[in-house]
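Structures are listed in the sections that come next.
Two complexes are shown next, each including chain A; its partner changes from chain B in the first to chain C in the second.
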Partner chain A sequence: MGIYYTKLAMLSLWKTRYMSLLAIIIIAVGIAATMTTYTINYMMTKDPIPSKSDSLFLVRINNWSPDVIYGNEDEEHAPIYMAVQDAVNLIRHDKAQAQIPIAGFKDMLKLPTQDAVDAKMTFVRSSTRDFFSSFDVPFLYGSPWPQGSDKSGEQVAVISKKLNDQLFAGKNSVGQVVELGGHQLTVVGVLDDWSILPRFYGESTRAFKGPRDVFVPFQTQLNLELWSPNVQAFECWKEADNASVEAFWASECIWVYFWVELHNELEKDAYMDFLESYVEQQKALGRFQRPMLNELQSPAEYLKEREAYSSDSEIAVWLAICFFALCLLNAMSIIMTKFQSKAGEVALRRAVGASSVDLIQQYMIETGIIGLFGGLFGLLLSQVCLMLSSQLYTHLSKDIMAMSAQLMVVTVLLSIVSSLIFGLFPIVKAIRVQPATQLKSL
Partner chain B sequence: MLRMNKLAKTYRTNEVKTSALRPFDLEVKQGEFVAVVGPSGSGKTTFLNITGLLETASEGQYWLDGVEVSTLGDKAKSRLRNEKIGFVFQSFNLIPELNIYDNVEMPLRYRKLSASQRKERVEKALEQVGLAKRQTHYPSQLSGGQQQRVAIARALAGSPSFLLADEPTGNLDSKMASGVMSLLQEINQKGTTIIMVTHDLSQVAFASRVIEVKDGVINDVENYAQEIA
Partner chain C sequence: MKDLLPIIKSLKSNLSASLLFILQVAITFTILVNAIFLAMDKRQSIGRASGLDEQNVFYIATNLPVEEDERASMLDQDLANLNALSGVEYASVSSGVPLSGWGRFLEVATEPDARYDTFSGYYGGDLNLFNAFGVKLVAGSEFSPSSELRARTDGHKVAIDIMITKSLAESLYAEQWEQVVGKTIYIDKKPQRVVGVIDKLQAAWPTWVVVEHVILGPVKEADAMVYYIIRTQPGQQSAVMESALAYLMSFHGRKIDKIETFEQVKANAYSAENAASNTLFGVIGGLLMVTALGIFGQSRYSIIKRTKLIGIRRAMGASKGQIIRYFVLENFVLCSIGIAIGIVSAIVLSNAFSNAFSLGTVPVHYMFYGTLSTIFLGQIAVLYPALKASQLSPAIATRTV
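Let's turn to the complex of A and B:
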């Protein structure tokens, strides 16, 4: 019967084509508004790394001024980042499955063969090789630098696919050399396409920007004293001994995010014990004079606390849903008018033996097809809206404005299901006609 | 066989109670050709609608081929209507966007028949009404008489026990009407029971039995022609 009902639905849609088209357009506009805002909100609030969301933690220790609460807040929290010396110490103690300092700088990047004028300002991420394995970063060529590079601060780099395309025309550049701020770095790996949204591991204000193009060992940044105060947020409760980078590294200024990978509660408890002993040790050395507030914070908790995403986008989704409901009510009114003209056919079909269920099935297929077309057209409109949004909001990663295949399927299904629900009332109303009256009046 | 016992129909609107059909007993045997006559508004169509399960009687009992219908639900009634009853309406009631084949096939779609079984029945029904070669035509491409023949083919396709016709020639000229009546007579002679509401006295002659409905009262008329003379 499905094929028969579909054939009848297509004939009916053609017969009432203008009304049907209007209903389809109204549904499409509603679904496009909803799914565009939902996509942006979903991409902003989704779990950036589902396979690791329970095992990655930001380490927070209360290394702030003895005289004032960090952030001048009512409730005291440990800062989100730590001083270089603490990051180095935690790496050296090696108590977690993976230790990932997140630091960075910017500098001029070029090929050794290029002129200085061809150098481009490039943002660099510095970390350890654990960064790549813990954050599931895919490699196109090569691999992360060896563990020895983390310790020695070797001048090596991993570059993004985009940068590899720009500098090496997409060829395998492992072993090639790039020049960063006058320092020569050997490429050991090239990343494949990689996007992580929200980019939880660094500054929350940049959570919706794409990853950087160059990655170097944290120790390399320290050794080469590569520092960009206007790029990297930092806070100091005590001035460094002098203006040198070396003094800054040795200061109590905090700016290094420090993530660890811990696979279960036991490991987590053990790491908390380690942090406690570490802080006690530092207290004995005269540091960490504030109450101990050690914390291991998950990516979701960190993003929520830092209010990485505004509640405005959630409000926008609700507004869009309300708009969609209005569109559906409009479509329902059109479908009702459309079905009113079917009273004669309903009566005839009842007379020849169709039950109410038969007619409900037949007309639900028709409203389902309206929903399907509305969904497909809405999907097309959503893509246009997302494309326009990505051009309008250039400060946000384009990946936020991209609908996954799963969301595309949801778009069409949502349209079909909501059309079926909102089409039910007109259908029930249509089939409740008195066949006897209708057949006589025909 | 069709049997009605103390069947009555009353319409209620607010405080007003209108008796459309007063309690009556009726039995129609297999193979009868019953003409239902009476003035306009007398209750003929109400009688036909109750007979065809399109309306429910207010009181009394009704057996259709041994099945008491007053307690049946929508699905069972629809099934009974589909299997036992064929309708022919004054205004043909064909679906304009479906071709002749699809129009005739319509009742069969609500039965669990294979495509080949449906095809066989549709072709047989269309052959019976002389329109076998018009299967792919649309109703608008046919004359009124031909459209009514299609409607009769649609009623016959399901091999019903009863064919209920409400003024089947009301929208046709005399020549076409005569053709349709001959066809109904032929169908009746092959064993299908026909109950036909008509205003046209010339058509009463085709019937083997006449029932008169007057002011909601149903009576068998032994010799209708003489009575109205």
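Let's turn to the complex of A and C:
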């Protein structure tokens, strides 16, 4: 029966092909608008690292001036970043599963064989080897630097796939040397394609940009005194002793984000206890003169507090949903027109014994097919829209503009289901004819 | 107008199609008004004047490739040489660039022990900075030559004289903002004297609530990284950019961090707003198209359904014009009902948005223009079907079907 109804539906679609096409196009436009905006919004607000979202925490300790509240807020919160000395101390105490300082700088990068003019200003992320394991960073060649490099501050680097393609034509470059601001760094690893959205671990204002291309040990940045005053946001409540980078490292200026990985409540409690004893110990040394406000903050909480999410994408989704509703109403009136001419057919079918349920089934197959084609065409359109968006939204990472297979299936299903629902009314209206009067007029 | 009664009566007999039409118009109106309001809101923030001579200003972020104690003299040497380049109106050093996303903000208070009244952005540089930006003075005077100071970093802490923007002055002294000239205000708790008021200048962050609050300090900072702000004679920009780069690169160890025209800075600063408003305009375009198609289709449908009736009316002496008038009027009535519902739902949606996303609500005149354009759209879309209807032959009345 199903196959026969499908055949009938196809025939009927063909008979009113322009109207069917119009309905399909209108549904497709609505679907494309909704799914494009939804994809962007979904990618922006999704959990960046689902397997770790319960076990990664930003460490916040209240290092600020004795005289004023940090940020001049009404309610006191610990700063989001910490001074170099605290980051170094926390790493040394080694009380968490993983300790990930997030720091960085920028400098001119080139191959030792290249001329100085070919060097490119490159943003560098400095952290520990835990960065790669905790954030599930995939490697193409090599591996993270060994633990020893974190301790000694060896001159090693992990580079992105993109940079490896540029500098080494995509070949395995482990063991090769790059020159960063006059320092020779040995490549120990090359990342595979990697994106993490939203990129929660650093500045919230850059949460939707891609990761940096060069990674070096935090200790290496400290040892080599690599500092760029306009890369990492920093705040100082007390001036450094002098202008040198060394003094800046030793100062109370805060700028290093510090993440830890803790697997359960027990570990979390233990780490909070540790932080308390650490701050107490520093208080005894005359630092941390403000109330103790230690905090372990999850990525989602951190991004929310920093208002990383723009409301634009959410507004766009709501507008697109309204637009989709409009398209469906429109399609509904087209389907109604289509079925208007079916009165004779309906009357005949009813007269020879078809029940209204039979007829509803038959015509639902027809609206379902419209929905299916609308969905497929809408999927195609939304891919085009996403491509256009990635041209338009230059401030966002291109990885946001990608639809997962799951969303693709949802797109087509949404189209079919909504066509079925909105097609129901025209169908019910069409089969409500009186067979006798209708047949007389044939 | 005598058609009005039959139209309303016929609505009842054709209820579902009419309701569908009304609903469509209502939704269109709701989205249209809100989307245009949001898009205009974005356009407005993009269109705000920065106060700078936008076409002729560019900046270079670079280092001073000498030992720390020689940086100040290196800075002076750079400035003198940059000012001497042909095509340069003013070359200056600044602690930051408007709208670039990197800058400083300070607390401002009118009383010494008050916590703070408001925040403000800060730029510090030599005496030329005022002219290199190309901003305008509206009260008081420019800095006197003797007021220029030097610092390594954090020049705002040593400034004595400052200039502030009119917007900042207004937020401190409201209507009497001109009185601020000569007064001492407290910047990060340090007393500083306002010598002049600048018409307009923007801080470093375009989406900041107080982006128009700026303090200008006559303090040259010779830090590891400096921003040279260069204003050129009209049309000379690209030539000057080249010669300035050539000059700067003649020093060993010089790193050019960035060189950008102010127009580029502005385009980058507002890329999110730009993209959002373009998307909204795209939505509006799609919306109008779909609605016009919808109205067109519905009118055709209702006319085909009433073919016989039209034939009868024609046979009974109605002119072509009367037929057209009937359908145009019917469209107008349906649109008006749809818009009436649309106004209510547009207000509801706008309030929902403003609660959820802290936006303003749609002003009344948007409703007015929205009404006009929706009716216009409806009339355009109905015109062709109505014309077709008027061309039906009266003889059709004599046929069955």
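What we mean here is this: the second predicted complex is superposed on the first by the 442 of 442 C-alpha atoms of A that agree within 3 Å, B and C clash if a C-alpha of one lies under 4 Å from a C-alpha of the other, contacts with A are read in each partner's own complex, and residues count from 1 in each chain.
By definition in this document, a contact is a pair of C-beta atoms (placed from the backbone, for glycine too) under 8 Å apart; a residue touches a chain by one contact, two chains touch by 3 or more.
Values in this document were obtained by computation on a predicted structure and should not be read as measured data.
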Partner chain(s) touched by A:G344 [first = chain B, second = chain C, both, neither]: first
Which of chain B and chain C A:P435 touches, first, second, both or neither: first
Partner chain in contact with A:D358 - chain B first, chain C second, else both or neither: first
Partner with the higher number of touched chain A residues, chain C or chain B: C
Which superposed partner A:M10 touches (first chain B, second chain C, both, neither): neither
Touched partner set for A:V409, first chain B, second chain C, both or neither: neither
Chain B versus chain C as contact partner of A:M332, first or second or both or neither: second
First (chain B), second (chain C), both or neither touched by A:V417: neither
Chain A positions touched by chain B in one structure and by chain C in the second: none
Residues on chain A engaged by chain B in the complex (per definition of touch): 1, 4, 11-12, 14-15, 344-345, 348-358, 434-436, 439-440, 442
Sites on chain A touched by chain C in the complex: 22, 26, 29-30, 33, 37, 72, 106, 108, 121, 205, 227-230, 239, 243-244, 310-312, 314-316, 318-320, 322-323, 325-327, 329-330, 332-334, 336-337, 340, 389, 392-395, 425, 429, 441
Chain A partner contacts - residues on chain B that touch it in the complex: 45-46, 49, 52, 54-55, 74-75, 78-79, 81-83, 87, 89, 91, 93, 95, 97-98, 106-107, 109-111, 154, 158, 166
Residue ranges of chain C touching chain A (in the complex, touch as defined): 16-17, 20-21, 23-24, 27-28, 30-31, 34-35, 38, 61, 68, 101-102, 107, 115-116, 152-154, 223-225, 255-258, 268, 271-272, 274-276, 278-280, 283, 286-287, 290-291, 293-294, 297-298, 300-301, 304-305, 349, 353, 356-359, 400-401
